[in-house]
Each structure stands twice: as C-alpha cells, then as structure tokens.
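In the two complexes below, subunit A is the common chain; its partner is subunit B in one and subunit C in the other.
Coming up: the complex of A and B.
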C-alpha cells in the first residue's frame, strides 16, 4: 500500500498550504491569549509555551513542505512550462500542481512571518 | 518660459524644504525625540524611510530602463529570473528582516514591565471629557497629591503611568517622549516612559472623544530631579485661606463644588484640581494661554471656547466678580 496515492484528483489539495497557515495562525494566537489570561494558573512557564509554539511552527512548516513536494510531483517536477491552459485533463492536473506549489511557497513564508513575534515576544501585557 | 519657471522653482525650493523640515522639530514632534522610546521610534522611522527610498529609486530606475525604447529585449528566461528574484525573493527577505527588526524593537518601545528599574514612580492619569486628572503617589516622605492638565517628570528616570478613562475612550500620547496608549473605561493600561532631556512638551488626546477632542491636551514639563522634588513638596502642601474677595466669590458661586483648592476649600473632584492653577501654561487643557483675561473668558462661558465642555457657564456673574475670581486663581502658585 502506498502512503501517498500516486495521483491526487481533487481540488482540495490546492488549499493544504493556506489551511495549515490558518490553523497555525489561530492556534498560536489563541494559545498565547489563553496563556496570558490564565497566567499564574497555567502549569507551564512562558518559555515552555514558546518552545511548544516553536515546535508547532516546525510541524506546520514540515506539513507545507510535504504539500509542496506533492504539488511538485503533480506538476511533473517542472518538466513542462506554464501556463498549462489547454482544455485537457493533463493540463488541468499540471495547472493545479503548479498553483498548489506557488500557494505552498506563500504559506511557508506566511507561517514564518507569524512565528517572528512568537520568538521575540517577551511576556504578557498586564 | 520653461527655463524661467525652473529657476523660480529652484529659487523657492530651499524655502519650501526648510518650511517642511521646520515641522519636524518642536514640542509635539516624534521626529525631535526627548525620550528613549521616542528615539527608538524615530530610529525605526529613519531606517524605514531610507530603505523605502532606495527601493523606490530601484523601481523607478527599472521603469525608466523599460521605457528606453526597444534597443535590446530581454530573453524570457532572464525576465523570469528577474521576476523571481526581484519580485519574490527580494521582497520576501526584506519584509522578513523589517518585521524582525520592528518586532524586536517592541519590548523597548513598549516596556510594560519596565524591567530595567526596580519600581518606577507610578503616576495615575485619567482622561475625562475634556481634561486630564493626574495623581502623584507619595514618595520619599512627600505626600501624594492630585493635579490636572500639566504633567511634571524628572529627567533621566523611568516613570510608569496607570492610564484610565472616566467616560469614553481617550488616548495618552506625548509624541516627544514615546508612543501612545489608549485610555479605556473600566481598564487600567500601563505605559512606561523615560524622558532624556528637559523641556516643555505638548501631549494631545489621540482618540476622538467628543466635540472638544481637539481642545484636550496637556503640557509636560521635564525637569531636573531637584527642581522636581521642590515642585512636589510645594504641590503636596496646599494653601492657607487668604480671605480675599476672589476666594470668597470662588466659594460663594459654587466653584468649590467641583474644583479643589487644597487648604482653602473642601475636597471636590468633579473638575480639574486648581490648587496650583497659576503654574499651568494653559487654561482649558491646552486651549488658551493662562492669562487673567483668558481665564475670565473661560469662566464666563466655557462652551464658547470648548464646545460641550462639562463646566456650566457663569455669564450671570458680574464682570467685576469674575475679574476678582481670576485674580484669585492667578495667585494660586
């Protein structure tokens, strides 16, 4: 049995990268908000929470890289040039692969941007 | 014709430039910092402007280059590379670096913890329509006291502000000293600032709060520690009743129901404390210069000067009595 099916024929894979970004963004913001509201009660320190969020960030980045690799494969590892606009099934697949690859790149950068404050934030505001 | 107008423009250019630059200095400018936080913000601004300037030059340069006729066209591959590096990689890296720089500055621009000093003086400032209530804590044997519309700070020492609002949202902003912080009813926000040079600065309310929002400012006097301590001692001790006509009228007309003059009238807290009113630079929270004439005008009809002001008009009081009251207030040093 293959871990990843050889071909993905669904539009949903297009959104993998942006969905990971959105989930990471929400997860981080909510975690810090809850932590700061419950500061004092929480059993972990600020540094521990930060470490936890950095791990989550690495996980998110890994997920995006994986989706990028799948997209790259769908795009035939760059064997053909865009725009892939012929009305054929082949071109539709290649187009989707290419678009997914670009979106994964964008999501990767976006997750990094979200992570910057996580690393540099000092403490909760009283 | 073209030549002539060119000369005209270049002749006026220095004047125009110096006029624009003159707006960068003064008592209410972020570009002329007198505090540590303001200096950081200023630094960030300069870095951004210079960086932005270079990028603008590069983009305009490219634009001019592309407009210079069809001498030699780029290969599709070359153009693709230019777009990938100049349009994706470069902005991505630059924006990332700027974000890191700006976020890295934040703790120093907004040191809510003020972790660098043991326990900074904690001054309470409350925004009210349309003036500022200021409470100083007791410090080295000098009792705490309340004043209004003029803040005094010792130079070179970190101070923390507890910021509140009595009615609607206001915003506390001393551009020369640092960034602003909203004052929100039901909340206490903390801001800490470090003034680095003595002087008098202006601080406007920075959140629309009603009809006289633009007439809601306070002055900030940054002074040497010794002068500050003298001032504090003087503030903490009120006055002795002097039995003057103005003082009698001040109580007779009910001013004392809202305004305190410590030592002479019972405590009242509806309006600004007037104990050392004569020291203030302005009357009406930064609205008019503090002259006898302006004080008289303000008392007669505050709303004529500050629309919607929360002090009733006293235009039924005879001119002579208002003059006597102004005289009394002018003596409150």
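Coming up: the complex of A and C.
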C-alpha cells in the first residue's frame, strides 16, 4: 500500500485546503449552534464538546498539512521558482503545485483563526 | 508563427472568408437589432442598462442626502424617504453592482480567452432581458408610491407586515428573484466558457487573471444566490398564503430570514468586489508595462477570498442574541479574510514598483479606489470585532464603512475600466482632461460625503432615520455629507458626459492604444466575429511575447478562419491544457430568448398582483418558448461529423456527456439548484433546533407515504439509467419504453409524495412545521414535474429521429438531471418521513 496517493491531474486539487477549512468551519459552527440551543437535553457537557471540536481542528490541520505536502511534491519540492508561465505541461503542473501550496498555507492559518474561540470561550454565553 | 506550416491564402480567398464570417456573425438591423445574441451587443446593453439603473439609484441617494442636510427637514415624507433609501440600496446592489460585472465579463471574456463566443450566447441574451425587465419593474414601483420600504435586506416582521409594506415587499421579492435567475444564467455561461472555451494552448497557468477572478466569482454566485431564492420562496409563501415561516407566534422565526439573506448577502460583497479587482489586475500590468508580479498569489487571493467569504455572514447578526461562541467563529473568519484581500493589494503595489509606471486616467481611478477601499477594509476589521460592532451596529459608522468598501472597491475600479476599455467599444479614447476632472470631483466629493458619517455614527446617529433633532451634534456632519454627495455626483456626471458626448470628429485610433499585453485587445470594434481566427497561445501576455500575433490572427492564419456551413462556431478545449477537443456550433440571432424572458417576467409580475390566470398563461408561454428554443437551437445533429478547422486539424462537431458543454451547463445549474434545496432543508433543521418539539404536536406526513415516494423515485431513476444503456445499444424501441415507464413511476412518486401531508391533514397555515413539510414536498414534486417534461422531450426527440446512440446529448443531460433529482427525493422524503420518528 502506498502511503501517499499518486499524483492526480485535476483542477479540483487546488481547492483541497479551502474545502477542509469550509468543512471545519461549518462543523464547528453547526455543532455549537445545535449544542447551545439544545443544551438542556444534550448528553455531553460543553467541555466535552469543546474537546471534540479541538480534535476535529487537529484533524483538519493534519488534512491541510497533507494537502500542502502533496502540493509541495507537485511543485517539485521547491526546485523551481515562479512565475511558471512557460507554455508547457510541466510549468502548468508547477503552477498548480505552487498555488495549491499557497492556498494550503492560507487555509491552515484560517483554521487556526476559527479555532481560537474554542480555546478562549468556556460556555455558550447567550 | 505556428508549429504547422500552412500555405498562405491569396487575397481573394481571404476576403471570401471574411465575407462568410461577416455574414454569419452579422448583427441584424432595424428592430431585429434587439434580437441579437452576440456577446458584444449583449455586453454593451447589459452595461448600459446597469449604468442607467446606477444613475437612477444615485438620484435617490441625493434625495436622501437633501432630506438629511438639515435637522427637522420636511423635504421628503417619512414614507417616501423609506422607499428612497430601500430602493437606493436594492438597485445599487442588485441592478448595478452585480450585473455590471456580468456585462463586463460577457463583453470582454470571449476575446480575452481567444474565443469567438461564449458557449451559450442565447442564455446571455435571456439573462439580459430578464435583468432589464425585472429592473424596470422594481425601479418603476417608486413612481406609483409602491416601492419596497423596509430596507434593502427586508427584515421580517416589518417586511411581512402587509399593512406597513404594502405591495412593495412583493415587488422586491419577485422582481429580484427574477433577476437572480439572470445572475445564475450568467454564472453558468461564465464557468463553462472559462473552463472549456479558451484558445488552444492557453493552459490554466496562462489564463488572464480576469478569467481566474471571474471563474471564482461565478462559482460563488452558484452557492450564494440560491439561499436567497430559497428565502424568497419562504417569504413569498408567507406573504401570499400566510404560511408562518417567520411568524414567531406560530413557530416561525425571523432569524431564519436573516441567516438565508446574509448567507447570500455577505459573499455578495465579494462577488461585487472581486470582478472590480479583476479589472485592476488587467490595468496594472499594462501601465507598469510588465507582467504582474505574483500571478499565483493573485490566484491564492481570489480562491481564498471566495471560500472565506462564506464564513462571514453572521457578522451582520452580531446583535441578534446568538451565543457568543458562535459569534466568535464568524468574527475570526471575518478577520481571516483580510489576509487574501491584503495580498492582492500588495501584489499590485509590487507590480507598480517593479515596472515603469505610466500615469493615466485609469490608473488614477484605480489607485484612488484602492486607497478608499483600504480605509473601508480597516473599518471592516473594526466592525468584525463583536464588542465594537455592538456599539456601531446600525449606525452611520456602518453606512460609512460599506460605502468606502463598495465605492472604493467597486465603483472606482469600474470607472477605471470604462476609461481603459472604451477604445474596444468605439475605437476612440475618452478625454484625459475630463477624466482627471471627474476623478478629483469624485475622490474629494466621496471623502467629504462619507468620512463625516463615521463620526456621526460614533455619535450615535442610527441609519435609516428620516430626520433628527437639531441639538444633538449631528447637524454639521450631515450638512458636510450632503455637500460632498453633490460634489461626488458632479464627478459622476462628468464621466457620463464624457461617455455619451459625440465623438465622430475624433479620429479613430489604432487597436490597442495602451500597448496592453492581453488578448482582449485583438478584438476589432468594427467587426462582430470576435476574433478573425482563433490563435495558439504561448504566453500570459501574448501581444507582448508573441511577435506577429495580431497580423497572423487578422490574416486568418490560425484556427477557424472561415464559416463553412454558415454556422457560428468556436472551439472547445480541455480544462487544464486547453487542447482542442471539439468545434462547437453556438446559437445565433433569435427572438425566442426574448419571448422566454418576457413571458417569465410576466409570471413574476402577475404573481405580484395575484393575477392567477395571467400567471398561468405566462408560465405556459415560458415553457413553450424554452422548449422551442431547445428544440431548434440545441443538440443539433451536424451534416458532417467532423470539421477541418485549419492548420491540418480536424475536430468532431458533436459530443455528448461530460465531453459536451451542455452537460457542464446542466451540472453547474443543478449545483446551484441543489444549494437552494439545501437552504430549504437548513430551514427544516433550523426549526428543529430552536424548538423543544418542532412539530408542536401537529401530525407529520407519516412514514409510509414518504418512503413509498422515495422508493418510486429510485425506481424511476433506475429506469432512466436503463434508458441511457439501451439507447447506447441503439435500441430506440426499448429506449422509448424505458422513458415512458420512468415517467409513469415519476408521476406515481409525485402523488405518493404529496399524499403524506395531504392525508394527514397537515395545515400549512396553522404552524411552521406543516408549512416546512409542504414546502419541501412541493419543491421535490416541482422538480419531478420538470423531469417529466424532460422525459417527454427525449421521447419526442427520439420519435423525430433526432436522438440515437451516437447523438444522445439530450438523454445524457436528462440522466444527469435525474442523478440530482434522485438525491433530492431520497433526502426530502427520507427526512420528512423518518426524522420526526428518530429525533
């Protein structure tokens, strides 16, 4: 079994990082919204939910790191510098790799941003 | 010039080709001019209409400013004032800011991508006519004192109060739903155009940045507009039939509207901002005379902003009493979006620093706009902080913030674009002198008008008050704002004068007067064929880097230099590397699109006034027009299978399934449709969340009927898969039998789907639970009814000998529709039947 997937040629890989951010963001906000409305009948405490969301956050960050690693590989492990504007398949791949890597970085930071309230806020505080 | 050598054509042969092309792409004359579907005409009309709406809304703003100039003013009554500011916001957002980008895109994109046309020109025309008609309807209402008057975001319970809002709210809801149709049509057109119709060789690392931005924006439209359409449906059901979606007394909740509105409304800000920045991304390299620095970083910024902008909507709802931890998530995302937004501004600055800057009117507007936008961005970072927002919410501080963002981030760059691209419209430049005067009037006037609003807001002046007392320290700020607004308006007037003043005495200029590097400058304002021949692209700035490109294109030395069969043609290429795949024949001049748009407009207008019979008549007319349009203009079987496109290359003329642009059009449309559906389901679960028992003791649709309905839809879907399979084996009899049985199963599924709520006597006016169940069931059944029409259409195509194993585009697209439908049906009836039992 291979540890990392084979390189795929598709436009969609570009959106991996942001999609993970979106899933994480939705997961956190929906979980909190439902929990805070239904706190009376919830089988778990706020602290437990917070812990669960922190785990989800770590999972999301791991996913983004993986996507960044794949992008870095597609970018030839940083062997060439941008702008990657030659009319060749190679340069197109390098461009995709580099742009995906940048987006993974942004997504990583954005997930951290969204996770900050989990660290700082200890209750629903309606 | 190319890798393939060709024999040079003689002058006669070239002229014969040009005559052919000119004839095929000719714009009709007389009244038939308006039936044109050519992207240059549609783009121009679209832009002109949006601009006229903008001027109209600008006049409304001036009326508002006059009223507020002095305390206790009686210039406008409270009611007219409410209508004026509501219409001002609505028109600026829906009839100017979003459509102007569609206009620019439809006008510029084909030549920028090196294509003759976008893939669905008739769809663009349909979108334009829908927009124009809807816009006139919404704007006209104020002359009858019937304009919407509850603010541009229409909050219930104010806007659901029929006594206060009158017919205005219906005009808003129905008029704008109609215009949203136009926006989604444009999104489909742009996504497929950018992904599939680029010139050969224009790989994705060489796409003009404008196209990157537009691709992202069109994707955002698909996910942002449908929630508003879903909200509009709920809202209109409440206003028309008293279904209590937002009525708290019967289990509804006004907050659901706020969620649905802002899930649309916040991304919309970026849907407006990104295309304007895209224009800047084309202008800056031209006036720095060098390629953009950090192409990939711009892609990062566009994609990043596109995604993050969907995580901000609750920052419009910070004062609604949601749990603070929820607010904090949205506050965090609102701060994060400043990162990609800042990146693009630094990219522009870096490009200017690295090049030799030529100062010009477009640069003046661009730079001035960005300076204003940065101030708006910074106040945005302030109001994204929850505690600050609690102080500033609904004050003039927010009014100042949003105008800094929208006028700096959108209006100034658009004016820059007008000055920059005007030579493409009539081969002449606008006046530098007038441009500079306009800029300084607008720049100074803008800041004089809007900067004081920060201060009046911080002094507590709420937005939307029609007057105020003299002694509370707001009067001077307001007077200064009003003076500034008139200076600003004078600047806009100078731009208008410059655009419309006659220029026939001015000599025509050479193509590409700014010495730009990108492909849109190959288009010839005098010809309507788009590009004379479709070039092979080898650079991000082909005009700079490919010597002789313009001459070769004009001499017809590239692809498709002729119009052999008298059909309008362009090339379809692969998504990543732009390899030529197909020669696509696109629809030509037609009145059908206009008939379809006007009759659909009739449906919406008749609904506003509850004229049910006229609604029905217009609906039938719309369906007939659309079917006629499809029958005569799509999936045509070509005379020959292949076409010699020049340079020794032959391409197929027909393709179906994922290879075809029609399949992509369907896929993208259904992605948007599914978003609207997801928003309705969000409503269902929203009500479950906020109530201890969301059924409030009302009967549900039972389990049996919904499950039966879901099962029947699954069988119908299987029958469609079977139809596709036997059609591929070229067995028309079996195909028809499968289509008919699938249609019958669908009818049975619809009956079973409605039987649940019907037999359990669910009264949608009694409580929100039966209402939301009915809406979900009806949504599914309406989609099934459309599926039945599609099945009948395929059957008719088969009987008419227009569908076969080789030519199966219609069936492929309908099966794709069915994939979406079966997911909808399983989800709807699964949730309606099972969720009340398992919760």
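Some points to look at:
Keep this in mind: the second predicted complex is superposed on the first by the 119 of 126 C-alpha atoms of A that agree within 3 Å, B and C clash if a C-alpha of one lies under 4 Å from a C-alpha of the other, contacts with A are read in each partner's own complex, and residues count from 1 in each chain.
FYI, a contact is a pair of C-beta atoms (placed from the backbone, for glycine too) under 8 Å apart; a residue touches a chain by one contact, two chains touch by 3 or more.
Small disclaimer: the values here were computed from a predicted structure and weren't measured.
In the overlay built on the shared chain, the residue A:34 is in contact with subunit C alone; subunit B does not reach it. Which of subunit B and subunit C touches more residues of subunit A is settled by the count: it is C. When the two structures are aligned on the shared chain, A:117 is found in touch with subunit B and with subunit C.
Using the contact criterion defined above for the overlaid structures, shared-chain residue A:109 touches subunit B and also reaches subunit C. When both complexes are overlaid on chain A, the residue A:56 reaches neither subunit B nor subunit C. Of the two partner chains placed around the shared chain by superposition, neither subunit B nor subunit C is touched by A:64.
Put simply, subunit A uses residues 109, 113, 116-117, 120-121, 123, 125-126 to touch subunit B in one complex and subunit C in the other. Subunit B meets subunit A in the complex at residues 88, 92, 95-96, 99-100, 103-104, 106-107, 110, 112-113, 190. Listing the residues of subunit C that touch subunit A in their complex gives 195, 201, 203-206, 291, 294-297, 299-300, 303-304, 306-308, 310-311, 314, 321-326, 328-333, 335-336, 339-340, 537-540, 575-577, 689-690, 692. Those residues of subunit A that touch subunit C in the shared complex are 9-11, 14-15, 18-19, 21-22, 25, 28-29, 32-34, 36-38, 41, 82-85, 87, 89, 91-92, 94-96, 98-99, 102-103, 106-107, 109-110, 113-114, 116-117, 120-121, 123-126. Note for the complex: subunit A touches subunit B at residues 105, 109, 112-113, 116-117, 120-123, 125-126.
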